[in-house]
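Each structure below is given as C-alpha cells.
Shared between the two complexes below is chain A, which pairs with chain B and chain C, respectively.
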Partner chain A sequence: MSLREVLNRNYKQVIYIALFLSLAIPLISPIGLPVPVQKTTLGVYNKIESLKSGDVAVIGSNIGAAIYAEVYPQYIAVLEHLLRKPGVKIVLVGHGIEAPIWAERALNELNAPNRKTYGVDFVHLGYIAGEEAAIAGLCRDIHALLKVDHGGRPLSDLPMMNNIRNAKDFTIVIDFTASADSQYWLNQAYASYGTAIGFGLTAIKVPDAYAYYMAGQIFGIIESLSGAAQYENLIHKPGMAVTGMDAQSLAHLLYIALILLGNIFIVTQRRVK
Partner chain B sequence: MAGIWRSVASAALLIISMVIMLDFALKNATLQALATDLNNWAVVVAAFALGIGAYSLILRHGRMITRKGPLWPYSIILLVTMLVFVVTGLVTGSITSPQYNWIYSTIVMPVSSSLYGMNAFFIASASYRAFKAKSWEALVLLVAAIFLMLKNAPIGAVISPILPQIGGEIWDFATATGMRALLIGIGIGTLALGLRVMIGQEKTPLGGAE
Partner chain C sequence: MIDVATLSLLISTTLILAVYTILYRENPAFRVGEHLMVGATVGNAIVLAVFQIRDLAWRKLQIGLTKGDLSGIGYIIPMILGVLLYFQFSSKYRYMARVSIALLLAVGISLSIRGLIFVNVIGQIRGALAPLTTIQNIAYLIGVVCALLYFVYERRASKLAGPLPKIGRYVIMLTMGAYFANTIMGRLSIVIGTLTSVFVAPALYLIPIAFLIVAADALIRRKSAKA
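== the complex of A and B ==
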C-alpha cells in the first residue's frame, strides 16, 4: 500500500501519530539544534542590558493557562535578567485575571524574595480591572489608582513606590500577552509619555506588533517560544523554551512535508486524469 | 423616559470624552486631575462589571438548570466550578494562595493548555487537506508560509542559512507592510467611531440602537 493510499484512508490517524512522535521524541531525547538569535529578541535583551541602577522596569502580563506554554518562558527569562541587574526596580502588574498567579509563580521559581528585597527592589501590584483604563490609570498616577499592592500592603509603605508615580518614571515597559493590552501600552505610555515599550507575545500576536517594531516605536519583541529560547540562551540559562524548540522544529518540518505531500498528490492525480 | 436618559448619557459621554481629549492636548493641572479621576472611575466601573458578569452567568445557567434546557448538566458543572473557585478565593483571601493555586494547577492549567495544544493537531490535518495550491495566489501564500515556518523554527537555519533570510525578507516587507495598512485602517475606523459616539450618532454604547 502506497503512502498516498495510507493517507487517503486514515489520514487523520497517521498525521496525529506522526505529529505526536515528532513532538514527543525530541522532548525525551533532545537533538540540541542551534537557536539563532533574532534582532527583535536582541532588542529586548540590549534594552535590559542598558538599564542602570535606579531605572524602573514595568512588567505587564496577561498570562493565563491557555498561553503559558508560549509566554511564561519569556516572562521567566526576562524576569531573571532583570533580577540580575543591580539596583533596577521591577514593578509587576497584571491585565488578566490569572496574571497574578503566574507572577507569584515566577517570583518564587526565581527565588526573588531571597535575592532582592520586596518593596525596595520589586513590587507586585496584582490584577487591575479595566483594560485600557487600567493602563491609562497606571500611566497617569499609580497612587491615585491603587492604594495597596497585590498582598494588600499600602503602596506608601513600599519605599521604591515613593519615586514611582506615573509613566514618566517608567524607564521601560515590557508587556507579555496574547491580547490587546500591548496596544494599550503603546496608546497610553508610548504615545503620551514616550516610555520605551517592548513585548513578549504569542506567535499569532506578533504580526501587528512587528509593524510598530519596524517603525521604531518599540524596542523589541520576544516572539513566542522561539523568542523565549533565544532569550534563555542570551542569559545563559537554558530552560523549558530551549527544550521545546527541537519539538517545534520537527513539528514545523512535518507541517511542511504534509503541505508538500498534499500538493504533490493533487498534481499527480491531475496528470493521471 | 428612555429618551431623557439617553440624552443625559449622551451629554455625559461628550463631556467626559472632551475632558480626556483636552487633557491630552493641553496638559493643564486641573484638567489632568479631573481626567485622572474620571479614568479611575472607569477602572472601578470595570471591576463592578466583573461582578455583573458573574451575576448574569449565574442567572442564565440557573434558569437553564431549572428549565432543564439543552445541555443543562454542563450548567451545573459550570456553576459548581465557579462556586469552588469563588469560595476558595474568599476563604484563603487570595488567588495566589496554595489552595487556589492547587486547584488552578491541577484543573484549569491542564484542561486549558490541552485545548490550546489540540490546535497543533488540527493545523497538521489542515496542512494536508486544505493548504492546496489551486491558484497562483494560493501558491504564493503557500510558498510564503513555508519560508516563514522555516524562519521561525531553528531547523530552517540548519537546512540552509538562506531559508530564514528569505522568510525574514517576507516578514519585514510583506507582513509588516500589510499589517501597517490594516492598523492604519483600524485607527481611522476607531477615530470615526469615537467621533460618532461622542456626538451621539452611535447609539449602541448607550443601550442599543433603535
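== the complex of A and C ==
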C-alpha cells in the first residue's frame, strides 16, 4: 500500500498520530518557546501587585475535572502570587459542586497552611449552592448567608471574617470558571458595589469576557492555558502551563500545516481531473 | 506492593487510554471507559447534592425544631418547594411543580435584571463610546455599529446604511472565527492536561501497550477482511 493510499484510507488516524506526537514530544522534552505576555494577563498581575496589607481578595474557585487542564494552572499561579503578598486576606468560595475539592488541593499543593495562618490570612468558605442568588447573598451579607466555613468552623471564630461582611469589603474578586458565574459576579458585586472584578477563564469563554474588558468593566482576564503560562512566567514560577504551551504551539503549527496541505491536495486533485 | 496513589494513577491512565481508543474505532474498551465516567460523575453529583440538602437545610431544620427557632423551621419551605419540582414527572399533578418553577424564575430574574442592564447595556454603551484616541477604540465602535446594523431588517433603513451591514456581517464572522479558534485551543489544552497526568511513570508504560493492542487489532481485522 502506497503512502497516498494510506493517507486516503486512514487520514484521520494519521492526523491523530501526528497530533499525539506534536503534543507528546514537547511534554517529554520541553523546547522552551517564548510566551509573550498579553495585556489582559498583565491586568490581573498588576492588580494583585497593587494590593496592600489588609486588602481582601475573593477567589471564585469554580474548577471541575472538565476544565481542570485550562483553569487549574491559572488558579495555582494566582493563589501563589496572593500568598506571596504580605497581609492580603484571601477568601476562597465556590459555586460548583467540585469547587472545594480543587481549592483544598491547591492550598495543599502550595503549602498554604504552613505559609499563612488559617482564619487570619485565608479562609475557605467551600461550596455555596444557589448560583446567582448565593453570590447576591455573599455580596449583601456573608454572615447572614453562612454560619460556618468549609471545615465547619463558625465564621465568628475566624478573626479575618470579623472585618469582612459584604462586597464593600472585597478589594478584588477573581472568578475562575467556565460557566455563567463570571456574569453573576459582574451583576452582583460590580454593578451593585463597584467591586473590581477579574476572570480566569477557559478559552471558549474568553471572547465573551473581552466585551467587558474592552468596556473597562473588568481589570483583566487570564486566558486558558496560555494565560496561565504567562502568569507563571510573571511570578517566575514556571509550571504545568509553561510546559504545556510548547505542546500547544507545536500543535497549532501542525494545524496550519494540515490546512495548507489539505488545500494543496484539493487544488492538485482538481487540476488532475 | 503498589500504594493507593500509584494504583489510582494506573486506573485513571487505563481509563484515559480506553476512552482515547475511540480515535481508532468504536470498541468495548471505549464503552467501558465512557460508562464508568458517566456513572462516576452522576454518583458524585448525587452524593454531593444529598450532602448539600443535609447540611444546608435538613440539619438547620432539625436544630430549629429542637430549639423551637423559627428561622430554622423556615427551612421546611424550600424543602417542600424542592419536592414539588418532582411533580413534573406526573401528568396528573404537573401543575404543582409550576409553583417552584415560577418562584425560581421570579427570583432569578429579579436578582439579575438590575445588574444585567447595568453591565450588559449601560456598561457596553459606555465602553463603545470611549474616546476615539486609539485604533482599537475606533475599530471597537465601528464593529459595534456595523454588527448592530446587520440586524436591522427594515428595508429603507438598510438602504440608508449602505455597505455598513455587510461590514457588520464580516465583524460577526470574525467573532465566530475567534470563538471557534478559542474552542480548538481549549480542547487542545484539555488533551495537554490529560497527557501531562499520563506522562508520569509508571503510567507512561501503558501508552506503548495501548498502541500495541490497537495495532494488533488493526492487523487481525485486516487479515480477516482479506480472508
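Remarks
Here is the rule we go by: the second predicted complex is superposed on the first by the 267 of 273 C-alpha atoms of A that agree within 3 Å, B and C clash if a C-alpha of one lies under 4 Å from a C-alpha of the other, contacts with A are read in each partner's own complex, and residues count from 1 in each chain.
Keep this in mind: a residue touches a chain if its C-beta (ideal position, glycine included) is under 8 Å from a C-beta of that chain, and two chains touch if they have at least 3 such contacts.
Please read all numbers here as calculations on a predicted model, not as lab measurements.
By the document's definition of touching, both partners, chain B and chain C, reach A:S192. Of the two partner chains, neither chain B nor chain C is touched by A:S179. Once the two complexes are overlaid on the shared chain, A:D141 sits against chain B while remaining clear of chain C. When the shared chain is aligned, no partner comes close enough to touch A:T171: not chain B, not chain C.
Within the superposed three-chain model, A:A133 lies in touch with chain B and with chain C [touch as defined at top].
With both structures placed on the common chain, the touch criterion links A:S226 to chain B and to chain C. Of the two partner chains, chain C is the only one touched by A:Q13; chain B is not. Contacts of A:P207 after superposition: both chain B and chain C are touched. Using the contact criterion defined above for the overlaid structures, shared-chain residue A:L261 touches chain B, although it does not reach chain C. One of chain B and chain C touches more residues of chain A, and that partner is B.
On chain A, the patch touched by chain B and the patch touched by chain C overlap at residues 12, 16, 23, 66, 68-69, 97-98, 129, 133, 136, 192, 203, 207, 211, 214-215, 224, 226, 248, 251-252, 255. Touching chain A in their complex are the following residues of chain B: 24, 32, 35-37, 39-40, 42-43, 45-47, 49-50, 94-96, 100-101, 104, 108-109, 111-113, 115-117, 120-121, 123-125, 127-129, 131-133, 142, 145-146, 149-150, 152-158, 164, 171-172, 175-176, 179-180, 182-183.
Within the complex formed with chain A, the residues of chain C that make contact are 23-24, 44-45, 48-49, 52, 56, 107-108, 111-112, 114-116, 118-119, 123-124, 126-128, 130, 136, 140, 175, 178-179, 182-186, 188-196, 199.
By the touch rule above, chain A contacts chain C in their complex via residues 12-13, 16, 23-24, 27-28, 66, 68-70, 72, 97-98, 127, 129, 132-133, 136, 183-184, 186-188, 190-192, 202-204, 206-207, 211-212, 214-217, 224-226, 240, 243-244, 247-248, 251-252, 255.
Residues of chain A touching chain B in their complex: 7, 11-12, 15-16, 18-19, 23, 33-36, 64-69, 97-98, 100-101, 104-105, 128-131, 133-134, 136-137, 140-141, 144-145, 150-151, 192, 203, 207-208, 210-211, 213-215, 223-224, 226, 229, 245-246, 248-256, 258-259, 261-263, 266.
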